[in-house]
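Per-chain numbering from 1; labels A, B and C assigned in written order.
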Amino acid sequence: MTSYIIRRLLLVIPTVFFALSFLFALFYVLPGDPATLIAGGADRNPNAIQVEQINEKYGLNDPLPTQFVNYWKATLQWDLGESFQTGRSVNEILGQRAKNSFRLAFWALIIEIVVGLSVGIYSAIRRYSLADKLTTVGTAAMSAIPVFVLGYILQYAFAVYPNKHDWPEWTRLRTSQIGPPGSGDGDWFLFVIPMGEQWRYLILPAVTLAAVSTALTARMMRGSMLEVHRADFMRTARAKGLGERQIVLRHGLRNAMLPVITLLALDFGAMIGAAVLTETVFSWPGLGSTIASSVLDRDLPVLLGLTLVVVLLYSILNLLVDVSYAWFDPRVRLGEGKDK
Amino acid sequence: MSDQTPGFAAARTVDQMVDDVLAAPEAPPYLIDVWRRFKKNRLAVIGLIFILGLVLVAIFAPLIAPYGPSERTDVFRGSPSGDHLFGTDIIGRDVFSRVVYGARVSLRISIATTIIAMGIGVLVGAMAGFFGGFTDGLMMRITDVFLAIPYIVLAVAIATVFGRSENGIILVLGLTGWLGVSRIVRSSFLSLKELEYVEAAQALGFSRTRIMFRHILPNALQPIIVYGTILIGSVILAEAALSFLGVGPQDPTPAWGLMVSQGKGDLANAFHLVLFPGLAIALTVLAFVLVGDGLRDALDPKLK
Amino acid sequence: MTIGSGELLLSVRDLSVVFDTDDGLVRAVDAVSFDIHRGEVFSVVGESGSGKSVTAMSILQLIPDSRVAGGEILWKGADLLQRTEDQMRSVRGAEIAMIFQDPLTALNPVHTVGRQIAEMARIHETITKKQAFNRSVEMLDLVGIPEPDKRASMYPHEFSGGMRQRAVIAMAITCKPSLLIADEPTTALDVTVQAQVLEVLLEIKDEIDSAIMLITHDLGVVAGISDQVMVMYAGQQVEQGTVDDVFYRPMHPYTLGLLESLPRLDATDDTELVPIPGSPPSLINRPSGCPFHPRCRHAQAPGRCDTEATEFRSIAGAHFSACHFAEQFIGGSTPAIETPS
């Protein structure tokens, strides 16, 4: 087992290396001169001297291999540089955005687990009932709505419309930014629990972000439960005289959970690092949207720095999933046993 | 062993016979069975009807849409009305017409992308699954690297490189979409190649390509088809997302995602600008998901 | 139809079980009747699709998709078919236990063997976890598994095939059921291991004084341990009697065909194998009259065999057959019937 874990950990290194190098290379293929962009964009017509200064400052004139090596040298020391756009330290940006993303993802995940799993299990138990059919259509519909459309619909329903028609203050939710003006880390209890007004800003983005994943989790859970239901050992359990509920909970659930766990872990990673659409719709300053805009702005340090963290996160999550599989399933843990 | 040796000639006849048996396309009754089971799933049938309707709408767009996609009227940001079923946008274009023409954009992009993605994915997956060993390892490492990068980042990055246009999007989505396909094709091939009829085929001297494509692939088709159907839905969503972010087809192309993005500025007064294109996307994807589900249930008799 | 010497435990009367499918009504079991007594090994033989498994599983009502279309299942006098699900649950495992074909898939892979055996005890008796665990060690020991205390903490995939099946048997007898139904218990095992498992079954039967209902398609297994044999075909019973009766004095063409198709060690080099031609009939559209007639060498069709439904009756004391011409089989393994020209 330990050797397995070590091997997987080692695999992370080349993956990260190649992923980031790929982005690095891609950046150089991107049209648009970063220096010009930094100096104020093409329409502000920066003069050549400014552009040259910027090139010097950020080493953009050096040959590609040199830049590549310099980049990795710095990165290995965790010197992620400064944003081309704003000059702020990437570490600082990273810290702030990561916190925001984590908080949002945390609640989205909770919603996904609670709602997704219970809906999935329930519809599997009450197979073919009306509730099951409704959930099937419901989850299919939920996974079909584009995230940003859902976000705007929710915004409209819960914030814009009440606002426009002057509903009482307490019914209205907020639609953008991460908190009332002047809010900071103090607004969060135990790092993730929103205090005071904060939850009004959190609720819509969290639900939006959770929606699609919840639908998929519910579907997968149902499918997994149904598949396990057909397994021979379920028949044995029935022949022993176990009641249906016991059979489902004690025997079925643990086996059915396995594939769902993978999904949940990967979703969590995606929610933290790739929630571009939700973050854009709600102006929630998280990792995803920052990375996306850094591509458009040709802000290489920000792009690479934040992506590095996200890639590392993904890899570690993947590893945790594989390890937990072993914990759940003794066949993996102890190695495939004797055949006959 | 040359083709001319007498023993080989005899073997070739057997080869031919066995080959015909092994690789015969499933007799029509199987397909009829599948269709029969599919028909029973009402939701799937509704989905199929919707898709067919959408295709018709796309083909006959000029006849269905009252206005051209770029035609301006003098009603700006108008709410839905008799004249303009879905209202008009900021510069006076009829939203209904644009949604109708948008069907063409969506279908074009999603079908082209799916073909590319499936093509690459099946090839890569089949080779990885069948040859195993180094080929497999290499391909899996490559897909791992791609999968490690958050999808949107990858898509946005490539999209900015290849340009913001319909073709650019097709390229981006095709190049990123094959990853999932290759995974399932690979696992299909991995398990199928252990089956005895493959051993039998090898013992008879069939070439590996032949075995791969004429013997294993037909059996691996089922999950591939289901995945493909669902893939189209995902592609539409991805295209909508990229258009929304601004890296897809540009104005005046009536891409649904782009239309949502254009309408987001004024939710309070012009919600219809977001609602209708958004619904179009949602319903289309839903139809593909339902059909995909129906196909999966219809192709796997054990699931009943 | 009472035959055996022990107390009458199970009495199945005219049991019919059907499945409603899209293609029609599948008559899986058609008016089957038999008795099982304490201490007896009752074997049900037949091909796949003969209805033997469905019969067995219907006793415990383990097939939710099926429908009982008639008959009674009397267990110690009371009709099981009249029982509620709750009442059935107290029968399953405690009074009638069942073991299945593939022990690897029959056990939950994520629970230890000991836990699964203990579960059986904890379902039906109020005992502590510790006591239940001790019982599972006891059971493992009873079926001849070495180091039972260590084994109880291991997982199913860590056992070899034969040991696994023994563990399954241990699990089944935990609450000392009066009837043990074994559905193809040896089919998934190597031949050498098969003999061991059958031995264990016999020992256990004596140990807990129960009866065994053995479902199988393997005539060798039947000959090895059975007292009574019932042959099924296309959902109907075609022959029944003691193992000697059925093997040495078969009175149905199907049974005869089965016996003749067995390869024999004492056969000479050029003896051909004699299979039964054709394949089992569809259970939706059964042949008219006797279901076996299309494959029967001695069938009179057109005649009684394809028009008249068969009657399962006593031919010689406790030896029953459904063949119209069963009486003509008496006196030897070669029938005296004339093959119609």
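Just a few scattered comments:
Operating definition for what follows: a contact is a pair of C-beta atoms (placed from the backbone, for glycine too) under 8 Å apart; a residue touches a chain by one contact, two chains touch by 3 or more.
Given the structure is predicted, the values throughout are model-derived calculations rather than measurements.
Setting chain B aside and leaving every other chain in place, the chains that still touch one another form one piece. Central chain assignment: B. Criterion: smallest distance from chain C-alpha mean to the mean of all protein C-alpha atoms. Set side by side, A-B and A-C show the greater C-beta contact count at A-B. For this pair, chain B with chain C, the centres built from the Cα atoms lie 50 Å apart. The distance from the centre of chain A to the centre of chain B, with each centre set as the mean of the Cα atoms, comes to 24 Å.
One finds 55 Å separating the Cα centroids of chain A and chain C. None of the residues of chain A touches two or more other chains. In chain C, no residue touches two or more other chains. Those residues of chain A lying in contact with chain C across their complex are 231-233, 235-243, 251, 254-255, 328-331, 334, 336-340.
Across the interface of their complex, chain A is touched by residues 60, 62, 89-94, 97-98, 100, 102, 105-111, 119-120, 123-124, 155-161, 168, 171, 189-190 of chain C. Considering their complex, residues 43, 141, 144-153, 156-158, 160-161, 233, 237, 240-241, 244-247, 257, 260, 264, 267-268, 271, 274-275, 278-279, 281-283, 285-286, 289-290, 293 of chain B touch chain A. The touching residues of chain A, when paired with chain B in their complex, are 11, 14-16, 18-19, 22-23, 26-27, 29-31, 136-137, 140-141, 143-149, 152-153, 155-156, 160-161, 163-164, 270, 273-274, 276-277, 280-281, 288, 291-292, 295-296, 303, 307, 310-311, 314-315.
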